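Heads up, the next two complexes both have chain A, just with different partners, chain B and then chain C.
Take a look at the complex of A and B:
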């Protein structure tokens, strides 16, 4: 289970973006989180991905309460959650070729020898042709780069996926291809999914259930 | 739109000038075996001729030889001071940006404190602590020039830390060291290196300014600042060559180094590199 209990988080002391947000994702379940811009759903996604320490509240990951975030969190906790960000341009190191971008988590975790095989396996799964793998981010389109970012998130076979408005920048066909790639991965591995977005139609079709942001907050409050 | 021909022209002009300067300062002194301090009052203030292409100064010393020796000292000061200032600035800026919190605030207030003193004044204070020589001048230039590098590196690290590609690296299991070595430093070093190259001409000018004020190298030692300083009186008498040639020796290499820095900056930017088809 991925359990977020009464999370309060923000970027300035004593000025949280939201207070007391709760959300649970069961293993293998796909949950869509729907909310307006600026409400804090991306911040909650970053808390779930262990990238942002909340001011208050508990995150329980597969039965273990998370007590450390970012680099302080053990590598095994961090790599249990794969993250895909909204803007592929800022989510990709501009110096890395796409093949290196996808292989980066494997190299960072000491699995360098598996990198080539895993890239060869993931690239067709997300719809990247071999000629694209030798290009740098500025030489490919947003859609192609987002495919590489998805492959990077899947490279360590995480048990959980957090997709923070993954398809917001993309056209309908690329959106469909990326969603299909996520669903194929989930069908093969049984991974759980937290998909954050604005598009109710997409989230309703994609996810097992869609949660409105206001339903994550304690009754009577709306950040 | 980028013009590859202009880029190549700038590269070759700058590289040839810097190459010629380096050859001159490295080869001329050991090859010609002449004493640049040899005084011959019978030849004082001779205009440029075949025997003395840059003329002679007010005590009959050959100005071409003096300019080459002066340039050698100025380049040494420029390169070493820029290197020291860049290492210091990068270390302070990276520590402030990467660690944040109190470390950041303390280090940046230190930078503000140094910046609040006019840097020529601070430079004069540093050289005044020691006997005149090359090393006090290098220390003076280095101590007053690491501040901008520290600010550049800190702001780069701060902006990079918040970018999703660093977050993706953290999420992908990268250690602090790997994030620093693989993602932060490669992104920051080109900026720091560029700042260092741009600092070389600035440091040369600073050395010349200190020497011109009589606070740099001892007056008998050939440095471009000393040469211009000692030629002031002859300029008023209408003898133009003792100031013109040291002045050109200061301007041309500094422009060429700045030109090479511009080429480097273009090549560091992957998008710009693609436009230039390099």
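Take a look at the complex of A and C:
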């Protein structure tokens, strides 16, 4: 279970973006979180991905209460969650070839020896051809780079995936291809998914259930 | 397709060309790279745009859509070579020199609604300062009347007067979009170029932005909407041009393209079928590199209908560039 209980989070002291947001994702479940831009849904996704420490509230990951975020979180927690961001350009180190980009989480966790095999396995799964793997981000399109970012998120075989507007920048065909790659991975591993977005049609089609942002907040607090 | 129908369609095209605001013929853009490589960004694009009409140019990212828009504004980098013509009431935009473009075309005859408006605005100046500067540069309004002219310009794009003294970072995505649109409208240009105006906006804002652009077309402007968002195109376009690997592969009335008949080009059909409200299945494979295009039809390697015939490039006939166009669905 991925449980977010009454989370309050923001970027300035005493001025939280939202207060008391709750959301639960069952193992193997795909939940879509739907809301307008600027509502705070991406911040909640960052809390769930252990990338942003909330001001208040509890995050329980597979029965363990999370007490530390970002670099303070133990490796076992951090590697349990894979994240894909909206903008592949700002989420990719421009100096790395796509193959190194995908292998980076393995190197960072001391599993460098597995890197080559894992990249060879992941590249076809996300639709990347061998010639693309030798290029750097400026030499590929947004769609191709996002494919690499998805492969990177899957490289440590996370039990949870957080996709924050993963397809907002992409055309219809690439969107369908990336969603299919996520679903294939989930079918193989039983991973749970939190997909954040503002496209109801897409999330309804993709996820087991779609939650409106206002239903995550305590009744009567929606600004 | 029988020849009579083809001729009838060509006649319609010719008629449209007479009334056209913008007539593009054989537009080609090549980038020369070091090591003798060439990128074929746009090849032989032909289309017309009438006043009051919205033409949506759709395709995957990297297919050459934005390069086409830059070519029309003379904003291509130095290593670009252009061919063909793009006539905008008597001026060939591709042949015009920088002075003509700067003094008579940009902002005055072609307004640009940019991608990511927040990045297009100067961060240290207010929206009012942007508007007044543009009013001064484009219309020669006397100093005392500029404040009023800027407020009127904001009003035309539905930008709220209460937010005029804000800086770009204090605006939401939707308001930044309206500020950029207000700037594009000041010169009262007959042609509006909107380059991915809805990227990154949420669904409500996409619809509102699209509807506002449509309203400007209804005022008698020609609108060239460049987008990968098929839903936005379906909402406001009169005609749809599909671009693949630098070529326009299909150009069709929007009601036919999005309606029960459906597009005729296998690529266009695949693109529509990838939508979550339709089959939600991707087109297999990926688009080719523009620097290493296959011989013949560029879509053939991904196409379920490809045959030996596809080794030659199909011409655009009756709105479709395909040897094996799909039959109407209904």
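The working rule: the second predicted complex is superposed on the first by the 222 of 223 C-alpha atoms of A that agree within 3 Å, B and C clash if a C-alpha of one lies under 4 Å from a C-alpha of the other, contacts with A are read in each partner's own complex, and residues count from 1 in each chain.
The rule is short, and it goes like this: contacts are C-beta pairs under 8 Å (C-beta built on N, C-alpha and C of every residue); 3 or more make two chains touch, one makes a residue touch a chain.
These numbers come from a predicted model, not from an experiment.
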item	value
Clash or fit, chain B versus chain C on superposed chain A	fit
First, second, both or neither for A:208, with chain B first and chain C second	neither
First (chain B), second (chain C), both or neither touched by A:121	neither
Chain B versus chain C as contact partner of A:95, first or second or both or neither	first
First (chain B), second (chain C), both or neither touched by A:82	first
Touched partner set for A:105, first chain B, second chain C, both or neither	first
Partner chain(s) touched by A:171 [first = chain B, second = chain C, both, neither]	second
Included angle at chain A between vectors to chain C and chain B, based on C-alpha centres and rounded to the nearest 10 degrees	80
Touched partner set for A:136, first chain B, second chain C, both or neither	first
Lowest C-alpha to C-alpha distance for chain C against chain B (Å)	5
Chain A residues contacted in one complex by chain B, in the other by chain C	none
Residue ranges of chain C in contact with chain A within the complex	59-62, 172-173, 199-205, 228, 230, 270-272, 274-277, 280-283, 285-286
Contact set on chain B toward chain A in their complex	163-165, 167-176, 178-179, 182-183, 186-187, 270-271, 274
Residues on chain A engaged by chain C in the complex (per definition of touch)	36-38, 86, 127, 129, 141-144, 168-177, 179-180, 198-202, 204-206
Parts of chain A lying in touch with chain B, wherever the complex brings them together	46, 49-51, 70-71, 75, 78-79, 81-83, 85, 87, 90-95, 104-105, 108-109, 136, 138-139, 149, 152-153, 155-156
